[in-house]
Each structure stands twice: as structure tokens, then as C-alpha cells.
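Heads up, the next two complexes both have chain A, just with different partners, chain B and then chain C.
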Partner chain A sequence: MPNLDAILPGRRRNRRALGLVLLIALVPPMALWALTVGSSQIAPGMWFDALMHPDGSREHIVLLDIRLPRMLAGLLVGAQLAVAGAIMQAVTANPLASPGLLGINAGAAFAVVLALAFTSIDASGSLVWFAFGGAGVAGGCVYALGSIGRGGATPLKLALAGAVLTAFLTSVTTSLLLLDQGTLDNLRLWAAGSLMGRSLATVAELAPYGLAGLACALAAARPIMTLSLGGDVASTVGQNVVRWRLLAGLLVVVLAGSAVALAGPVGFVGLVVPHAARMLVGADYRWIMAYSAPLGALLVLVADAGIRWLVGIDLPVGITMALLGSPVFIALARRRSGMMR
Partner chain B sequence: MTEPTSPVLLQARDVTIGYDGRDIVNRLSIGIERGRFTALLGPNGCGKSTLLRALAGLLAPRAGTISLEGQPIAQLSRKQLARRLSFLPQIPRAPDDITVRDLVEQGRYPHRRPLAPWSAADRAACTEALELTHMVALADQPLAALSGGQRQRAWLAMTLAQSADILLLDEPTTYLDMAHQLELLALLRRLVDERGKTILAVLHDINQAGQFADKLALLSNGSIAGMGRAVDVITPETIRTVFHVDGMVLPNPMAPGPLFLPRTALTIIDATGEDATRS
Partner chain C sequence: MNRGLALLALLVVIAAALSLSWGDNGLAPQDIVAALRGDPIAAIILGTVRAPRVATALLVGACLGVAGAITQAVMRNPLAEPGLLGINSGASLGVALLVIGAEGAVGHLMPLAGFAGAAVAATAIYVLAWRGGTSSIRLILVGIGIGAATGAVTSLLTVFGDIRDVQRALAWMAGSIYNADWTKLGWLAVWSLPALAITWCLARDLDLSAFDDDVSCALGLPLQAMRAALIALCTLLAGASVAAAGPISFVGLLAPQLVRGLSSRHAVRLPAAALCGALLLGGADLVGRLVQLPAGLLTPVIGVPFVGLLLWRRRND
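Take a look at the complex of A and B:
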């Protein structure tokens, strides 16, 4: 296991803090690099001019209206989904828990498409509430389905219930999009999980939910760590387990719901990133959550811009993440198969 | 040892406790005295763990009340209860890669306010808990790297870090070899004598209980079959009734108090593998 303790000198706490600072310091240069990637060549230094003295040139418009919102959306969505996944893995003691696998992303996406198809609502600030509702209802359904029968909500039963609900909701969502002749290409891309075509206004409308969710999640890291020890131990040391499980669920709904409203159901981020963070810092969920935010932001940013830079094809990031994440998922499921029964 | 009786701190009155519609403990009453080490003994499945979980507030009794200094524990919040009473389950679970120190620090949960920094009192309580359990050198090891006995001591350290007056321990000696068992029991004895703690521990060895505890409570089929000092409780008759074991009681040559010497079990295993009591 590539543990930080082996790489960095000093005491454990200092090593973890130093690692976190390094990760956060990586975000700005990677974000600026992402601004340079695209079909038209733009000099790396031009973002500064574009921000400070926008002159309406084609390059400046591309930077400000296309690449900047895309980059910001990638950072937000990555951090939000990764932290949501970390919370879910802590609270359910389930290595396979994540907003993608347990149907929460699919539920949020379904609710948004439903609202677009059957109401006249199309403002992101209103649609996000449908995403919250869909995420909450889907999460509740998966938990209820997975809890039926002997042994309660085991990791495997939850993952199966999540897979079933995701398959169902995704096919209904796709049908709605295909049947509705009026839907834009933009929306179809969104339904596959994509950062393309977000306006800066949309990002600005949805960012407060995501940022508030991230801030609350990091503030609640300590009780979430206590929850990760299991209900019995948590109650013994004085935690109101029911209240904190509900609050953690609410955080997941806000983080995953607003991420889906922004970029559609992007999978695997919430599964893979907390595992990577755990390999770096161990079982302490306070650090896992703190690491997950920059790691998730970097992963989505690099997956989105990297595929364009490498092969020049503009793939929706949801598809890139599925290509990257599926092998990791299989490896995790095999390694943890003893725990899943 | 100490005076024969002390005021009751934790009291169960006429409690009926069970899971899934089956009553395991029936109209049981027990009073745990302040500043005493009480050992709870009984055959497998007699309801020891169930009673302990109810006393710890983790399982609500179907009938009857459990009170702490006269106040029903159902009226206390989890945090209020955890500041006064700590509980170590029989097989506690935590993620394998958590370190001993991180686990022990969890014991401070009821004393910390949201977002408040780690205080000097928190640090002192954790250090003391690690020292008392001889876990200082192992503090940065992950739980998975420890032996069964070390792991048990790590959990006990978490329980001690809680700084509660009452400790409820479910079979704390189970995974330990003989030396570690005696060491742990001596530690419990010291916590009572020097810190004035009140301890209720489920034990299996009646002689160890007689040697280290102030009071013995014998549980049989969900009710109290005997409670008192070792000399009053350890008799061939009570042990025959409660444990279905025949034997004799001798004076302990090394310490005041009785010693039980088992001769034979009064049970036979029939063809179906079921226990059938002969007496």
C-alpha cells in the first residue's frame, strides 16, 4: 500500500497535513493547464488577459464562456461526488457505497429530466431542488430494498439494489430524452454525465449549494468519523446515531444532487477517490474526507481535459470516468469479496 | 476488601428485556453499588449480555425501568449518559486500519463540543488510559496489527478515556491468556480502589470473580439466582443450580474467600446434540 508514512518524513499528523497542502497546491496549476486544452490553440498566459481585460476576441470568449465554466464545474463536481462517496462509505461501513452505485445520481438525474419534460421549469436554481428530491427518494428506496431479508443492509445487497434502481431509472430517463423531440443535444450529453456547454451563470447558480455542502461535510468530519466505527461503538461513546445518520444522508443528497444538476450522473468518482484517499491516510475519515475533496476535483478535471489532450476527442466525462472506474470497481469488489457477503 | 454495602448507583427494577418478541430477561431487579466491583456470572445464553446492553442504554427494556441515581436513563441524552457510564461490548468492531490512538480518542466524544479543539483534559485522559492499559508503545499501531489481547486492551483504553464513573464490561477477559487476564482484573480492582470507579463485568471464571470482585451476581434463565459476597454465593448448591456443575468449595489457601473445584458437568449431550440436564 503506497502509504504517506513511507513517502514523507516527520510525524504522522504533520505528514498528513503536508500531503493535503501538496494536493491542494496542485489544483490551481492543473486548472490553468485545463484552460489551455481544446480544439483551438490558446497561449497558456492568455487566461490572465482574458480575466483582467476581456477584449471580446474569439480566444477570450472561448476561455471565459466555454473553458472557464467547464473547468470550474469539473472541480466542483469532482470534489462534491468524492466527499459524498466518503461520507457514504463511512456511514454504511460499506466499501462499495457511492452516489453512483447506490442509485443516488440516477435518482437525481431522473427527477431533473422529469421536471424538464413535464413542467416548464428550466432554471438550474429550481431544477437543483428536483435533483435533491430525486437523490433523497432514490437513496431511501435503495436502503429500504437492500435492508429486506436476513442480515439487514449488507454491502452486496445494497450494491445490487442500487444497480437495479440505477438500471431502471437510467432507462426511463433515456426514454424520456429520446421520445421528447424537443430536447437539446446539450441535455442528452448532460444525461451521460458531461461538463460540456455549462454556462458561467449555471455554475454560479449551483456552486453555492455544492460549496455549502462541502463546508458542512468538512465541519462534520469528526462525528462522521465516529459513525464509521459502527452504531454500537458510536452510541456507547455518546453519539446520537440516528440524528447523525440522517444529517450525513442530507449532506450526501445536497452534494450529489447539486453535482448531478451541474454535470449529470458522473459515476465512479465517489467510489474510487475515497479508496485512494484511504490508501494515503488510513482509516481516519476526517482525513479521508479532507483528501477526497482535492483528489476528486483533480480526477474529474484531468479525466475531462486529459482525454481531449491525449486523443483529441471530446468525450463526456461520465464516459471517461466509466472507462477509468470500471476496472477499479472490479478490483475493489474482488479484493473485498470476503467483506461483502 | 471494602465495606459490605454501599449506596446503589445503577438500578434495574422489574425489567423485561428481549429481541424479536422473545423475552430473554424476565422481571429482573438488580442494584449496582457505587464504588464496587460487581461480577456478573451465568451459563451461556442466560441473558448476561442482554442485561448489560440494557443497563448501558443500548436496548430499551420492554417493561420496568433502569435508573442512574434515581433518574431513569431513558430521560438522559446519549451524550449525558456516556459522560457517566461507559460500556465495552463483547466483540467490539471498528475498521481494521484505525490506529489505537484514534480509537482511544473516540472515547472523548461525550466531552467535546462541535468544532471545539482538542483540550488538555482530552489529551490527559487519553494518555492516562493508554498508560493504565500499557498501550503507550502500541498507540500508533493499526488495530489489525495487534494480538487479540492487545486489541482488547485498546478497546478498554477507549472505554477508560471516556472518564465515566461506571464501567460496564462484557467478558473483558475472553481473548486474554492467563497472565493478561490476571493483569486486567488487577487493573479493574485498582480502578475501583484508587479511582472510586463502579464496575460491572461479565466474567466466566467463578474463582477469579471470587478473588477480584466485591460482589457476585449469578444469572440463570434471565433472572438473578444469587447475589452477594463470594462466601455467600459460591456454594455447591448454587453452582449446581446455576451452572449444572457438580463440585466442592474449599477455603482459598492464598487469599480469604472460597475456591470452587469442579468435578463433573451434570449435563449429557444426546444424539441430537442438544443439551439435556440430568439433575
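Take a look at the complex of A and C:
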């Protein structure tokens, strides 16, 4: 396997590592800031008290039961979706690949709604398996639908296939919700993609899947980078391309599926963050994936808390992300459409 | 007369007849004849409920079929259709704004709001895809982006709206023909019939736009002007049908695809797509009445497997 580290000038590598450390160091203060944002004023120092000696006061309950799980969910969901998007863009060599656009989020969300409507399961630890199943099936369908015909899976065909499947799943999900107003009222927040109302228990149940997925993704960063050079190059340098593509797909399913089980279908994180990371560190997917995790966590955290802080309304983060992300998508489509046929 | 066209027309007539007689109150063929002779009960059921509903379903289906045929010719892509390109979601946003934002009864304004939303979305797509001219790929991708943005604003409204308003808006947004009446049908006809006629007159230009941009220009097609005019017609047709029946997806995608084999000339393809669209939506409405779901939720369920099949059969094109 080619060792890029040996070729790259050492100073550039150091600068990338320094940037990564800075980004990771930025996460804790932003997370603490997010804990202070909300309708009731809570002094920044209070969180320490609340963690060490919870006394059951209103402030401590708000911090521990509402803001802490919300903050943790934001960090997890952001990092997971961003890394999932980076993996997809690397493996498909496709600038538009991301869990939201290719129907994976919609598939996971549909499977969860299906489980809630027709079974008595409501523990997140069991629902997440439905999310995995839905994400896997939807991703497989979109890839199959998008790679039919000459030229294989081009960005344009994949994006259209994703839009087709999302339209289908959304309409079936809407049918389910229309037939049952109780479910509609419970689920409309979650279906828009939201961090509201997660309990610490839910976060704790789903975090292991997400953290394991992130760890595996970073451990597999090197083979994934090799995949990003194209199937021909990867097999020339001795990689088992089929096995690593399947493993990468599995990682995407775990990362995106558990993120959807936690926060509903949040779009555009997986599209925008890897592009931002690429602007910072260039085309090496090991660095893109490493940067994507803290960048995605920060983006979702700031999008969620920032809107509350700026305008004072509690907007579901899925909507904020779509409003922020769709202009970026349109700009990408305008700039790079020449290579997407 | 093309034999395929005649067969499609016959199928549409059969679907219409079935649709007229089927329902909570079954009407045998002799009841329909009795209604025509002046039997009051049968006449009320037919005249105020069934006939406008069936006519609306057929006309909306025809509009969608033709709008899809235009989109697929202009974008040169079999998966392109107004529903996937943000035009329908623009219309949904218009209606959601009206239903959730405005106080009181606004039912009669809903079609207008849907139409305005579709027009704004189509204009935005065209303007944003413009970069020293348009290209079909940019139009499709920008359309998907606009669809996501308008969809986000719509869900923003559904999250904060009153649950009863939200359910009313969602029912319309699911696409349904259940509350059709003669007035709405009249408006639909006023908007769509001229547009259908103009599109048919442009059939030759649609034939030419199947070639590459360079070839079309060399053959003397004023390409950008033509594209703008065709997209305007498509918006008119899609907007009028969304206004009448809510956003109904996949009819515009399937109808032109199903009749592609009939002829390579749009002079035949357009009427065939119209008939096929009418058949699809008429059928979906009929089935939807039986299983108590809006037609717009059934068309994707029929549509997606068909899309897979069509793509598979055309994989070597």
C-alpha cells in the first residue's frame, strides 16, 4: 500500500494534526455553552454542581434531564452522520453521496415508524435494529437503482434514485401517520429530525452503537482512503475491494441508522461536513474522516443551540440543517455539474 | 389512427365507467342511464359526487402525464418528473403557508396558493440553474435542492402549526381528489386545456430537444428560449394539477415511460402520455376509494417497483 505519510512534507502533516487537535479542543467549551442556552437562565458554573451533587433543584433537573442528553445527542448524531457521509463519498467517489440524499435516513425513519405503528416495541435499544434494517435496505435499493445502465452509479443517477426512494418512503410514512392521529402527534417532531425530548437513558442505549461505529470507521480510515482512489487502484495495491466496500457499507448503516434512531432523519450533515473537511485538509480521506467527526459534532451542536440562542425558538435541528444545507447543495450542483452525468 | 392510442382511449373509458359506478352506493349501468333520464337520487350521486371526481382524476392525470413527458424530453432523463424536481414541494409549501398561516376558512384559496408555490419554485430552479445557459443536469440537481429547502420550510410549519390545521394541510399534501366539484374542475380546465394544446403544437420541438444541445442548436432550435417555454408549460400543467388534487407523484414519471414504445414522435407520444396518465390516476383513485387512502399515496406505491423494472429493461440503452 502506498505510504503517503512518507511522501508528504512533514510540516504539512503537523499543520493538519494541529488543526485536528484545535477542533477537538473546541468541542468541550462549545458543549458547555450549549448547556447554558435555553429558556431558563442557568449560570455556566452550575453544571459542575449538578453533575457532582445533584440536589433535585429545578436548575439541576433542567440541566441533567433536558439539556445534557440533548447536547450529547447532538454531538453523537453530528459526528456519526458526518463520518457516514465521508465514508460514502470516499467509497462511491461521488461528491453528492450522503445518508440523507441517498435515502438511507428515510429508510431508517420509515422502519422505525413502521415498528412503532404495528408492534408494541418502544425501547430505543430494539428500535435501533429496525433503523439498521431500514437503512441497509434503502441504501442497497438506491445503489442498485442508481447503478443500472451504462456508466454505473453516477452522482446524477444516484441522487435521482435517492429522491425517488425518499418520495416513496415519505408517502408511505405519511399514510401511516394519517391513519393514526395519535402517532402523528407523537412523531411529527421526531420525523422532522429533532434532538428534543431525548432522555439520558435513550442516549445511553444508543451511544454504544454510534461510538463503536465511529471507532471502527477511524480504525478503517486507511483502507477506506485506498478505496477512494478507485476500485482499479485499490485492487492493484492488493486490497480486497469487495470486502472493504461491504464493510464500509455496514459502517454507514450502523452510523446513520443509530443516528436516525436517536434524532430522526437529519439531512445535509453528511453532505456538507465532508466537503468542508476537504477544503481544510485536501483529498486524503484519512484526514477528511478524522476532521469530519468533530466538525459534524460542532455543526449540529451549534445549529441546534445557536438557533435557540439567536431567535429564541426551539427549531428541530433537521429543519435547521436542511435550511443551511440545501443552499450548499445547490452551490455544489452549480459548480460541479459538469462531472456528474 | 395509431392502434395503441385507440387501446389506451378504450381503457380510459372503461376505468371511467367503473369509477362512476363503484362506491359506497353502487350504481348499476341502468342506474346511470336512469340518471341521464332524470332519476333524482342517481342524478345527485352522479352529478355532484362521482362525475366531477372522475373527470378531475382523468384531467389531472392527463396534465401530469404531459408535464412528465415534457420534463423527460427537456431533461433527457427517464427519472425526471415535476414531483421530484421541487415543483410539487413548492406547491405544498404554498398551501401549508395558507392553511397554517391564515385564520378561518381558506379552502377556496388553496388551489391558488398551490399554483403560486409551484410557479415560484420553478422560477427559482430555472434561475439558480442558469450559468450562461441551462443544462439538464443542473436543472435536475438544483430541483432536488429546492425540493429539500421548501420541504424543510413546510415541515417547519407542520411542527409549529395547530394539529388540526396540520392534519388538514397534510391530507391535501398527500394528494387526493375526494372533494372535487364542478367549480374546481372548471378552473382546472381553464388553466390546463390551453397549455395541453400549446404543448401538442410544440411536439416537433420536443422531438428535436432529444438530441444533444449542440445538435439541437445546429438543427435550428432556439434552445434556451425553447427550454424556458417548455418549463413554463410544465409548471402551468403541474401547478394546475397540484392546485386541483394536491401533489401527486410518479404519474408524471410513469405515464410517458409506459408509452415510449408506441412512437418516437411526440405528436403521438404526448396524447398517449395524457391518456396513460389519466388511466393511472383514475385507477389509483378507484383503488384508493376501496382501501380508504388518498390516491396520491397509492401512486408511489405502484410507481416505485415500475421505475425499477423500467430502468432494468432500459439498462443497455
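Please note the rule applied: the second predicted complex is superposed on the first by the 327 of 341 C-alpha atoms of A that agree within 3 Å, B and C clash if a C-alpha of one lies under 4 Å from a C-alpha of the other, contacts with A are read in each partner's own complex, and residues count from 1 in each chain.
By our rule, a residue touches a chain if its C-beta (ideal position, glycine included) is under 8 Å from a C-beta of that chain, and two chains touch if they have at least 3 such contacts.
Model, not experiment: these values are computed from the prediction.
Colleague: Chain A residues in contact: does chain B have more, or chain C?
Modeller: C
Colleague: With both complexes superposed on chain A, which partner does A:228 reach: first (chain B), second (chain C), both or neither?
Modeller: Once the two structures are laid over each other on A, A:228 reaches chain B alone.
Colleague: Where does A:61 make contact in the superposed view: on chain B (first), on chain C (second), on both, or on neither?
Modeller: A:61: touches no partner chain.
Colleague: Touching A:282 in the superposition: chain B (first), chain C (second), both, neither?
Modeller: Only chain B is touched by A:282; chain C is not.
Colleague: Of the two partner chains, chain B (first) and chain C (second), which one does A:51 touch, if any: first, second, both, or neither?
Modeller: neither
Colleague: On the A-aligned overlay, A:12 touches which partner chain: chain B = first, chain C = second, or both, or neither?
Modeller: After superposition on chain A, A:12 lies in contact with chain B alone.
Colleague: A:156 contacts which: chain B (first), chain C (second), both, neither?
Modeller: Touch status of A:156: second partner only.
Colleague: If you stack the two complexes on chain A, which partner ends up touching A:236: first (chain B), second (chain C), both, or neither?
Modeller: first
Colleague: Between chain B (first) and chain C (second), which, if any, makes contact with A:322: first, second, both or neither?
Modeller: A:322 sits against chain C, while chain B stays out of touch.
Colleague: Where on chain C does chain A make contact in their complex?
Modeller: 77, 79-80, 83-84, 128-129, 131, 135, 137-138, 140-142, 144-149, 151-153, 155-156, 158-159, 163, 166-167, 170-171, 173-174, 249-250, 253, 293-294, 296-297, 300-301, 303-304, 307-308, 311-312, 314-317
Colleague: What residues of chain B sit close enough to touch chain A in their complex?
Modeller: 56-58, 77-83, 86-89, 92-99, 102-103, 106-107, 109-110, 112, 114-115, 140, 142, 158, 162
Colleague: Over in the complex, which chain A residues touch chain C? Could you list them?
Modeller: Residues 96, 101, 144-145, 148-150, 156-157, 159-161, 163-165, 167-168, 171-172, 174-175, 177-179, 181, 184-185, 188-189, 191-192, 267-268, 315-316, 318-319, 322-323, 325-327, 329-330, 333-334, 337, 340-341.
Colleague: Sort out for me which residues of chain A touch chain B in the complex.
Modeller: By the definition above, chain A touches chain B via 12, 93, 219, 222-223, 225-226, 228-230, 232-233, 235-241, 278, 282-284.
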